[in-house]
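We just call them A, B, C, D and E in the order they show up, numbering each chain from 1.
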Amino acid sequence: MTEMPVSSAQLFGLCGAALIGIGLYGFIAHRHLLRRLVGFNVIGSGVFLLFGSTGYRRVELGADPVPQALVITGVVVAVSATALLVALIIRLAQLTGSARLPEESPGGGR
Amino acid sequence: MAFFEASEGPWPALLIGVPLLAAFTAIVTWRAARLLIWSGAAVVPVLSVVLLARVIHAGGLRLPIGGWAPPLGIAFAVDGLSAGFIVVTGLVMAGVLLFALPQFTASAPGAAESRAGYAFVPLVFLAWAALNALFLSGDLFNLYVALELLTLSAVALVAIDGRSGTIAAAIRYALFGLFGSLAYLLGAALLYAVHGTLDMALIAERATADGATVIAGALMTAGLAAKTALFPFHAWLPPAHSGAPAPASAILSGLVPKASFYIIVRIWFDVMPQAAGTIMPVLLGVLGSCAIIYGSVLAIRQEQLKLVIAYSTVAQLGYLFLIFPLAGGGGEPQPWAAGAWTGGIIHAFSHALAKAAMFLCAGLFMEALGHDRIAGLRGAAHHLPLTVFAFALAGVSLMGLPPSGGFTAKYLLLTASFAGGQIGWAIVIMVGGLLAALYLFRPLTYAFTRRGLEEREFARVPRPRQVIPLLLAGLSILLGIASAAPYDILQIGRPHAAVEGLE
Amino acid sequence: MMPLAFDLFLCGLVLAVAVAAVSGRELFGSIVFFIVYGLLMALAWVRLEAVDVALTEAAIGAGLTGLLLVGASARLRRLQAPEEETGSRKARAATAIACLSIAGLIGAAVLLLDPRAPGLAPMVDCSLAESGVGNPVTAVLLNFRAYDTLLESTVLLVALLGVWSLSDERSWGGHGGLRQYARPGGVLATFGRTLPAIGLIIGVYLVWAGSKQPGGAFQGGTVLAAVWLLMAVAGVADAPRVSNRLLRLGLVAGPALFLAIGMAGAMAGDFLRLPPEHAGNLILLIEAGLTVSVAVTLALLVVGPPQRDLPHGEPS
Amino acid sequence: MSVLDLITILFTGAGTVFFIAGTAGLLRFPDTHSRLHALTKADHLGLGLIAVGLAVQVASPLLALKLLLVWGLAVLAAATTSQLIARVALPPHLERQKENAGQ
Amino acid sequence: MNTWYLGLAAILLLSIGAALWRVHRGPSAADRMMGAQLIGTGGVAVLLLLAAAGGPEAAIDVALVLGLLAAFASVAFAKTATRSGLGDPESDAEP
């Protein structure tokens, strides 16, 4: 085997980092809440991919099971959060007719 | 290893297991809610105190879970800081549950199960379990799971009223909170990748100030700061905390942000103090100062009592972040550091008690009046003397007047900033106290005005419910009167416990 | 060279799909991209030899989350919630630059990591014999770090409580979601009757296999939830009333059993300790309970809060 | 190279070709329904050929069965969804006609 | 042999990449869904090839799960296209 400039683990780790950036963009740039939720999920899977890839640095040892188990936990937590947010968003749309948050009033109060 | 003692009994496990069991039971049958509240409010605080006693007796504890010692397994890590937070949580939770009893459980034997009533009780117990789990945990990923459990139950509590305003507030909170959790998780993942463990004590032994560790710390801090509503991430807090039902607000404002703050403290004082550098503590201090000023000014401008209290939370959370520049995450331990650190933590405790009391008072005002407009509070002192007194007592603690816990906290912080020659922070602390007096005197002035233009209708509020906020506020005062005890307890298990504070 | 080229190409596709999902002009299109994204992630996990995660991602990421989002977008369309307005180009560019620099920072952290760090894999291997199971990931999830998993299973319950509490006061106690309908004998109904049998077998197989090879309660439970949802969509099964006592027992059965076993250990000295000689059976027991609870909870999470049945469309 | 290997190469190669053809059809065909036509080819034949090609290689019959089950699932799913998608994609006037004919 | 499998998998990935264009372009929602459907089947095929190319054998289980769930999104989509979102796309009768 020749020495590769980058390993598979690093490649997927960098891919995870890029996904975090992409998801973050969707999370910030959109006002439609379902779009933001998609962004949130992309960030999440980017974090997971990065985490998982660090467990694959020593190919000869096999993949580290600890990050895998933690990622599974994380995926389940993320889907719980997504389901709760979807229900909240639909409820908001039912009550206000819009799937966007009302603009913040920076002064609050009066 | 003799370091791991398995003989410490099941106390930490019980502190998580009992609230979880209560929550599961409440999910199956709503009829049991009343019984669950009484027994939960009686049992869990006792367990908390037992744990505290164990810690005082035995010093810091480390209990591997399932017989698997870290790095493979997870360990409970208990010291004075965690035991203190658990006791405060127990007191506030017990008060809130008893306060909520008539509001959320069956009033008559044959009453039908209601939507909010069904959800409220298990959600509070789950939040309680999450808080205990968080304060007991010695593992970064375990903290993440506990944090998510807490965040989701808090979001559900915000939304429980079901009005469009509270739904929007819950969504905004959820977006901040979940984003914060992911940032924290990413940092934890990087730390695992660097050090091969998630156990905080083991990382503390191995951590250096290398690039990946510093980036991980920054990510975790940013995420947790968003969850703690540190300026400029505070926008979600006031609508969320003021929109929830009063008992939920008390938990949300008094306890929930402290959880993420607690993790930040753990990271920078216990796990990787050497990676803090010089900029990060100062930055956190500056943002905290902004929060104090900005939150207080906005609190003054509010017309509704719950919003005043919520903006006050933004300001009061700001004080917590002053411990980073004053007690210095990095560098040589200074003689005043222990004082500043302890002051910050005591502030967290006294704010938890006082703020919970205030929100419960606001809830009583709303029950009596049907609204919480400040101008409508005229005559409150005459009709609800106990409640107004409780509110005033809690206010004393928030303003930092002696002999309250707030006073002790601010005294310690001020002493540290003078001793360290960092006068800027001292000015912020003092200005913040004055502003707090301004925003709290306004509702109190109205409450003590004897007669309004017309005699207002005050509905009757049962006296036992008025006693609960009074007790909580009283405890926040007591924290100042007996300030030596919490000071000593907080030093248990601290790495720099030998350093004498400037008491 | 070939594997690396394949990975490079896969990463490129993942990134392209992520960009499309995040920036597409139309909501529905972006959701379809998100479903495709979940599928490609499952491939990536297989490439990382993390088949347990790949199964989870395939079932949850591509399956359930996609279902949730498709359903949500349809309901929003029916509520006529307005679609996206686009912000100013300058603001978007600034956001993009900020996100890019954050991604760069994280990428730098990835490159700074020691490429030879072994992680905990050797330690897990050493203790695997005492864990009672042969699949290291299951050993971590249900023995070494069982405490995490106990808390995680309650996270699902919290989300469901939150979803349920969003119902109308009047609909409380009613059925989750609205009654679905399919033409008897039609393609949809036939599909809804054929697939569940296969799905049931696959779901149970995943749980059973989980102790030796990739699989487990969360993957199997998700498959079962999806199968039940398909039956509901095809009008074969009705969502139960949220006040149904049996349903509620099913929700907490797994976590409660898990907690009970954990507390039994605590009374004997160690919270959540599974004695090595019984660990295998105890884990199987916990997995069975968790599968039921995960399946019920996930299915109900997708179904949504209880609603009154109305003849047409959204409840007002 | 054994005969089995040759069969595998032949089948998997052909399957891939069907996939490419299906994709090309999906991209090039002018309207939704003819695209659907192209799609089902890839689903049925492409995956089927690949599954069969791999099944002759595996040692255990259980594994071979699994491979065929994967294919069966794909066929079942494709048949159902293409029917449903076709129905959704019907232009309104055709939909009216079909309904009348059906009743 | 492994190289052959991996090569085919790479070609399938390419074809998936091409199908993305249909998801992107639409024009109708049904077109997008069809693109996703093809990608789903392609993904299943890639998984089988990866398992054959010396990858983890359990990748076939992943393919099984994907194959099972691939149809769900399409069914949900077809369902939501009915008038109330609750009926059967094959018939206009409503519950």
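The criterion applied here is as follows: a residue touches a chain if its C-beta (ideal position, glycine included) is under 8 Å from a C-beta of that chain, and two chains touch if they have at least 3 such contacts.
Quick caveat, the model's predicted, so the values are computed rather than measured.
Chains that touch both chain A and chain E: C. Think of each touching pair as a link: the shortest run of links from chain B to chain E has 2 of them.
Chains that touch both chain C and chain E are the following: D. Comparing the CA-atom centres of all chains against that of chain D, the greatest distance is found for B. Across B-C and A-B, the chain pair carrying more C-beta contacts is B-C. The greatest centre-to-centre distance from chain E, using averaged C-alpha positions, is reached by B. Annotation: 10 Å between the Cα-based centres of chain D and chain E.
Averaged Cα coordinates give chain B a centre that lies 57 Å from the centre of chain D. One simple way to say how far apart two chains are is to compare their mean CA positions; for chain C and chain D this gives 27 Å.
For chain D, the set of residues touching two or more other chains reads 69, 73, 76-77, 80, 83-84. Annotation for chain A: residues touching 2 or more other chains are 20, 50, 54, 66-67, 70, 73, 77, 80-81, 84, 88-89, 91.
Contact of a single residue of chain E with at least two other chains is seen at positions 16, 29, 33, 35, 61, 64, 68, 70-71, 75, 77-78, 81, 89-90.
Chain pairs that touch one another, listed by label: A-B, A-C, B-C, C-D, C-E, D-E.
Across the interface of their complex, chain E is touched by residues 5, 8-9, 12-13, 15-16, 19-20, 22-24, 26-27, 32, 35-36, 39, 42-43, 46-47, 50-51, 54, 57, 63, 66-67, 69-70, 73-74, 76-78, 80-85, 87-89, 99 of chain D.
Those residues of chain E lying in contact with chain D across their complex are 1, 4-5, 8, 11-12, 15-16, 18-19, 21-22, 28-31, 33-35, 37-38, 41-42, 44-45, 48-49, 51-52, 57, 60-61, 63-64, 67-68, 70-71, 74-75, 77-78, 81, 89-90, 92. Residues of chain C touching chain A in their complex: 1, 3-4, 7-8, 11, 14-15, 18-19, 21-23, 27, 30-31, 34, 37-38, 41, 44-45, 47-50, 52-53, 56-57, 60-61, 64-65, 68-69, 71-73, 75-76, 79-85, 87, 91-92, 95-96, 98-100, 102-104, 106-107, 109-111, 113-122, 124, 136-137, 139-141, 145, 148-149, 152, 155-156, 158-160, 162-163, 166, 216, 218, 294, 298, 301-302, 304-305, 314-315.
Across the interface of their complex, chain E is touched by residues 2-3, 5-6, 9-10, 13, 16-17, 20, 24, 26, 28-29, 32-33, 35-36, 39-40, 42-43, 46-47, 49, 51, 54-55, 58-59, 62-63, 66-67, 70-71, 73-75, 78, 178-183, 186-189, 191, 195, 198-199, 202, 206, 209, 213-215, 219, 223, 226-227, 229-230, 233-235, 311-313 of chain C. Interface of chain B with chain A (complex): residues 141, 144-145, 148, 152, 155-156, 159, 162-164, 167-168, 170-172, 174-175, 178-179, 182, 185-186, 189-190, 192-193, 235, 238, 298, 301-304, 307, 311.
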